[in-house]
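Each structure below is given as structure tokens.
You will see two complexes here that share chain A, one where it goes with chain B and one where it goes with chain C.
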Partner chain A sequence: MLCSFKNPAEHRYVIRMWIMAAFCVLFSFVAALVFRLCHPHGVLSYLVAVLPALPIIGALVYTGVYLAEEKDEFQRNLLVQSLLGGTGGILAVVTAWGYMVDFAHAPQMDLVWVYPLFWLFAGISYGIVRSRYR
Partner chain B sequence: MDCSPKNPAARRYQYRLFTAMAFYIAFLVTAVWAFSRYHVTGALAYLLAVLPALPIVGMVVVVGLYLAEEKDEFQRAVLVQSLLWGIGATLSVTTVWGFLENFVQVPHLDLYLVFPLFWFFVGISTGPLKAKYK
Partner chain C sequence: MKNRLRVLRAEREWSQADLAQRLEVSRQSVNAVETGKFDPSLPLAFKLARLFETTIEAIFSDEN
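Right, the complex of A and B next:
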């Protein structure tokens, strides 16, 4: 899906995701730099801290937009099933990890890892679902 | 999905979900009791900590089974869309909160709260989705 653009919706989706990824990197640098150099306080510190999360929310919105725009039902179903697989995977892992942190004092997992981990599971399920339809 | 489900898939779904919930309560009570009484450490601590997460993983599987078994396309579509809205909102919240934890030191959100948070968002989105199709 990332390498070949078969239809306009897919093409738009990939471009939008790359733009969001670029903004995420940029905003992360900006936030880190502002906190290092300016030490913001109060409301401003919250606003700067949230900055890198905005492109990630944008990427989620664009995934929804892609699902709405995609005309190819097979491709849409493939992505929906992958997202559901990713949902199941991430919920299982964070719940298990959460209880291990709480009861067995396992190392804390940073909440920002939930999003990339979700896409890892979605990617794994994409491969599985795709191979099932071959 | 209602209180008294009419179709067999929904009935099985409710039965399996309640069974998983009963196991969750039993395993959670067992884990809390064991940790408060025996001060378990090492591999056994991890195994015992994961115990309450197993029925949660079971619930995820139960939802997947329901989606595979449900013949009513409307019910399936509403649940799939609710789940997608649920994971979108959950990922947004965990990412924003994760960056806030990293930069502003807000209180830590326990990982095991991600699962109820996800279902909270699924619940919120189900109403508007059903209303949209009426």
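Right, the complex of A and C next:
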């Protein structure tokens, strides 16, 4: 997979995403370790807890950077449509879930799932959008 | 939007991959434009016109 880059922008994007994923795992491990061993309080606890989110935010920023760097307008168009699908999908799920919590007392949704679900919907959208151009 | 890309390509004996390489885009992009499923931007249309040494109107038409 790593060897099948079609252009330099895609190459850089994949490398950056792998780096962000590695940092996310590392920071999750560090945060869990700090909370287990040091029991931080107050502002420090928030700072440590937010650590794993930083590479995720970085991945979103790098997705934007890729869109700016990608010279192939068709590939850009595919990704933009997929991201719109991902955004729409996750908005639909959290909105529906919110009403279920409000009215039917459904269990609260863990917000940690928002990011992976966003990419799941974006991936499904990519498949659908891509199939339209075959 | 209709286009004459397939004909122009055939005249030069270029594959979609050859054209994609000359345009610095993916083969999928060339295929999407050629089959009329994706309308290229004006810069890409000008690039195609320059590459085939013709005008944009000679490549693309808005007939359905």
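The criterion applied here is as follows: the second predicted complex is superposed on the first by the 131 of 134 C-alpha atoms of A that agree within 3 Å, B and C clash if a C-alpha of one lies under 4 Å from a C-alpha of the other, contacts with A are read in each partner's own complex, and residues count from 1 in each chain.
The rule is simple: a residue touches a chain if its C-beta (ideal position, glycine included) is under 8 Å from a C-beta of that chain, and two chains touch if they have at least 3 such contacts.
Bear in mind that the values here come from a model prediction, so they are computed numbers and not experimental data.
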Which of chain B and chain C A:F29 touches, first, second, both or neither:
neither
Using the touch criterion from the header, give the chain among chain B and chain C with more contacted residues in chain A.
B
Touching A:A96, do we find chain B (first), chain C (second), both, or neither?
first
Just chain B (first), just chain C (second), both, or neither: which does A:K71 touch?
second
Identify the partner contact of A:W18: answer first if only chain B is touched, second if only chain C is, both if each is, neither if none is.
neither
So in the complex, which bits of chain C are touching chain A?
24-26, 28-29, 31-33, 35, 37-38, 40-41, 44
Which bits of chain B are touching chain A when the two form their complex?
31, 35, 40, 45-46, 48-53, 56-57, 60-61, 63-64, 67, 80, 83-84, 86-88, 91-92, 94-104, 108-115, 118
Which residues of chain A touch chain B once you look at their complex with the stated criterion?
31, 35, 45-46, 48-53, 56-57, 60-61, 63-64, 67, 80, 83-84, 86-88, 90-92, 94-106, 108-115, 118
Please output the residues of chain A touching chain C within their complex, sorted ascending.
6-7, 71-75, 77, 132-133
